[in-house]
């Protein structure tokens, strides 16, 4: 009898708190989005599963001494997001950007998604029930960078208690890019603009590609060292890829290493999806602001492209590729291509959109550096 | 001269303790079993090597600050066995079990190997020289689960000082399944029973396979959260395998990640094979109890199958597949198939035996949860 | 305005110290050597990049809490070099050495490069501005072993503040083997000696190859336990390779595991290339001594071969393969082959040179054990 | 507070019974839920539109095999 | 020292302007340096001797691609 | 207790001699044991039943490639 009482007391049923139940449902919801809707499944699947695991009562998987508490050290120390960034660097071809460097300005413009959202988050404080500090606002704003590891890195430094919501919002909106962006792109462009065809990209030599990560790193070191961990690891991955003498490291960085870290990172992020940190009005604010951030970023990328066409009317760019400046590689470049082909099925914008797309990755890492340097 | 004395004092020869020499021989014995007899070589080879390394005098490889002391943290924290379990989940196809769910009961019955052994271990205390606490007995009993990572996980929580002997016994007996099981299976079944042919398994849809890990996890969370780390990571691996949207994670979980962790886990287990912990009468007791556990598990699996045939005589199952309920995937399923083909070479039981086989994995994880919840 | 001042204060430009700038140039120099000159790029590329990263002002990537400070724990604990050594063991075929075991003596002789350099380093103290302790001298001398992970392992134990310079010197000179060795080899041999053809190597059975790592480990355990971590992990890797029953572990040890650790090890070594530790007269001494060490090792290997020909004139060995005793696998064996083919293009020495080559790896690990045992 | 060996026999017997009970209960519940799910799934998708192997998962993965061969051939083909 | 919500508006506006300024400055500088490098490289190696794909990096790896296709075919071929 | 540079010369000379002695002793012992093992193994298995490459392990990649293909074929051949 004693045993049975002890046993009942050890079941989940007798210990479930309503918040845990809700968060497990949230976790299963993320799994649904990941598997059925294919919303960034590589990350949202482990995040969702981590959310489920960490909200199982009694088991304490995310508490001190539990598996997820150990894995979370990889985020706290910055190791996981930086290794992911190295892997992303090893998967990135800067060729299209180097062939047409002015597309970097589109990647710059799209970062208005970040800074505009920061202002918006502070403005939301005027609403009752929502109370973001400056650090919180900066961490939320980085969602507008449309870059998962950057968001996690910045959030873990500025507002670790919001990490779960921020990561979920970042990856969800990255998955929603094909829904969020097209209406904005169509609204801000004329049919004529969408029909613009761009000149074929020039050949970029291997030497230029090898030199680029070094140049980027030097510039970062000189101007914005707070962005150096992110950009540095990104450049390391890209150099490993392009230098051509360490193929086996390149293969490992692009595959096994990034896969292992992805599983661990996702589970760790999921361990931050606890009821007391997630079931708050602020989370709704974060989700709303994330959508705003993506829309702002898309719009400013497109508008920047239009502005550039006004300034230099000879060598016009199709403003649709401005939307790819938010990063979300390669989803937003594909969206630009697809919207372009709605107007002219023979207009291939994909390669041209990869320029602003990878520029957006650099842009959001730079913006992250600004936030880390200026927000205390 | 001074140098030579210092040098002699630093040799292994002048520092060898007899226990270390014996344990090095034990280590080489495990290497022999692993390489020559192919006894679970993936684990027994690193375990044996770890035993040799950690018993080298002076070097202190398993002592504070030595390589194996760092690796052992991966067991102490539970990370290594849980990652192995994730990998095993990613390699497991629940199809045959889902097609014929009543085979789960065979996997349940075979866990009598665990609980019967627990009683046996306590009874052994009546012998002089053997002194098992309740925690020790529970840790030893889990050998009957015929599941390596589960045994290591439970032993590391309940009786870390017995970990070496328990892991060695678990993997050795898993390798001995083809010797231990057949006589018991033949003794408990009639020729007629061994000739029973089973209906072809129905097709299991992809959706069922995707839903299963979630269902299993919810049930665990509600009823037996102490089993949630083990079953949770197992379900994660299986979901990664079945969901079809994260192939690259699935490949890594089944290959590189589990391989790396296997090397580390094996070495760490080996580091627990020190003379003062292994060369005791208790070890003989553990080895004897392990054999008993496997025999009990096999017998109760077979008997349960016979009981089920009595209860529902229409849809008979071949009682040989009951022996596969001990888990030891896929060895015991192969044994069931082989013993069946001795009676009728055209009777293919392998697929049918995979049902209780993977059910046995779940069953022993559930039993582990019971022990972790009820034994303090 | 305040913001701008704060921003300027946070730039690298306003914080650059001259030492950091010089060290970044050193880092880029290493990258140049790695990529353009293909100097051991697998290690020198991450080392060079690590040097650049850790000298970025303000970012503090190598300081407490920075990424590289965490990675460095893998060196401090010895885990990284030992795992590399395991991988090297898994890539090594001892066949040629077992077929002609007396080539082991060439690998022994070449270790004079280590001990002669130790004496040289102490002698350098007579110069003003250079001040090596006994521990420093031993750590520097190990460069003469021409073995990267051994050098890093010993340096991390005896003189961690010299680790960066020692590792850079070790890998650089290993890359320079094709320049350093040939003149010495030609100077010490006659044309007749260089023309010596050697008998085809006998077949080595699989059993011999499986037994060898065990034998080597026992000998180490009995005579020189201070070398047991290095030689033990090397033997583990080799046993995994040769035993034939754990192919998947062998594949992982030779590929993904060693690749991941190589990236981390390189970055960690690079993090030790800070201005105050590298920009000192001692570094010049280390670089000079490294060249001396390689030359001494090469010369003593060749001379030992000539001595062996005098003692047993019937079964002559080509003294060129003595130079391969420095290890630097497989570069120095290739050099021996190439110099031999200058005299007779049909004389294939490569396989014969692999014997002393892998013997050199064992020899330098033994020498490392001696230093670790006798130098306090 | 020493416990004599015999005093532990009863609790271990009790644990044996409770333990086996829970294991059976848990897996029997699972049998029931699996059956329920199967019926539910089949009522939603009456025709199994995508026949897949129901076979064993012992051999790691066929796709992996193909991938390995393809990658190997690919590598060899490179100049 | 509590700050009212409204008090944070001005600093966040300032941060927005500074931040966008730095991002633009940084990337514009990069545009300039890339152009410079390209001219430098082309003046050194006038003929691109090694035509490589300038294409997109979406496809991670050719070997992987082959592997993926092979695996896909394999899966399709399954009964 | 400062030691002058010259005072360290003698100990380092001693270490040089001891060290080289041990290295030679160790590897000479290994030569002897390898020979012994080879004779022992050959007396047990007089005919080398399985001719394997005694060749070099230099190129890791090629060997790997062959191993990969062989493993793949091997796996495929399994019933």
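In order of appearance the chains are A, B, C, D, E and F, and numbering begins at 1 in each one.
Here is the rule we go by: contacts are C-beta pairs under 8 Å (C-beta built on N, C-alpha and C of every residue); 3 or more make two chains touch, one makes a residue touch a chain.
Computed from a prediction, not measured in an experiment: that's the story for all the values here.
*Asks:* Determine, using the mean of C-alpha atoms as each chain's centre, which chain is farthest from chain D.
*Replies:* Taking each chain's C-alpha mean as its centre, the farthest from chain D is C.
*Asks:* Give the pair among A-E, C-E or A-D whose set of contact pairs overlaps with that of B-D by over half, matching residues by number.
*Replies:* So the equivalent interface, with over half the same contact pairs, is A-E.
*Asks:* In angstrom, rounded to a whole number, how far apart do the mean CA points of chain B and chain F lie?
*Replies:* A distance of 35 Å separates the two centres.
*Asks:* Where the CA atoms of chain D average out and where those of chain F average out, how many Å apart are those spots?
*Replies:* 44
*Asks:* Calculate how many whole Å lie between the centre of chain C and the centre of chain F, each centre taken as the average of the chain's C-alpha atoms.
*Replies:* About 16 Å, centre to centre.
*Asks:* How many angstrom lie between the centres of chain A and chain B, each centre taken as the mean Cα position?
*Replies:* A distance of 41 Å separates the two centres.
*Asks:* Name the residues of chain C that each touch 2 or more other chains.
*Replies:* Expected reply: 3, 7, 223-224, 251, 255-256, 374.
*Asks:* Would you pick out the residues of chain E that each touch at least 2 other chains?
*Replies:* If we look for residues of chain E contacting two or more partner chains, we find 15, 18, 22, 64, 71.
*Asks:* Would you tell me which residues of chain B are touching chain F in their complex?
*Replies:* 3-4, 7
*Asks:* How about chain B: which of its residues touch chain A in the complex?
*Replies:* Listed in rising order, the residues of chain B that touch chain A are 77-79, 82, 210, 214, 217-218, 220-226, 228-229, 232-233, 236, 239-240, 243-246, 248-249, 251-253, 256-257, 373-374.
*Asks:* What residues of chain B sit close enough to touch chain C in their complex?
*Replies:* 3, 6-7, 10-13, 15-16, 24, 28, 31, 34-35, 38, 41-42, 45-46, 49, 52-53, 56-59, 61, 65-67, 70-71, 255-256, 259-260, 262-263, 267
*Asks:* Which bits of chain D are touching chain A when the two form their complex?
*Replies:* So the residues of chain D in touch with chain A come to 14-15, 18, 22.
*Asks:* Taking the complex as given, what residues does chain E use to touch chain A?
*Replies:* My answer: residues 5-6, 8-9, 11-13, 15-16, 18-20, 22-24, 26-31, 33-35, 37-38, 41-42, 45, 48, 50-58, 60-61, 64.
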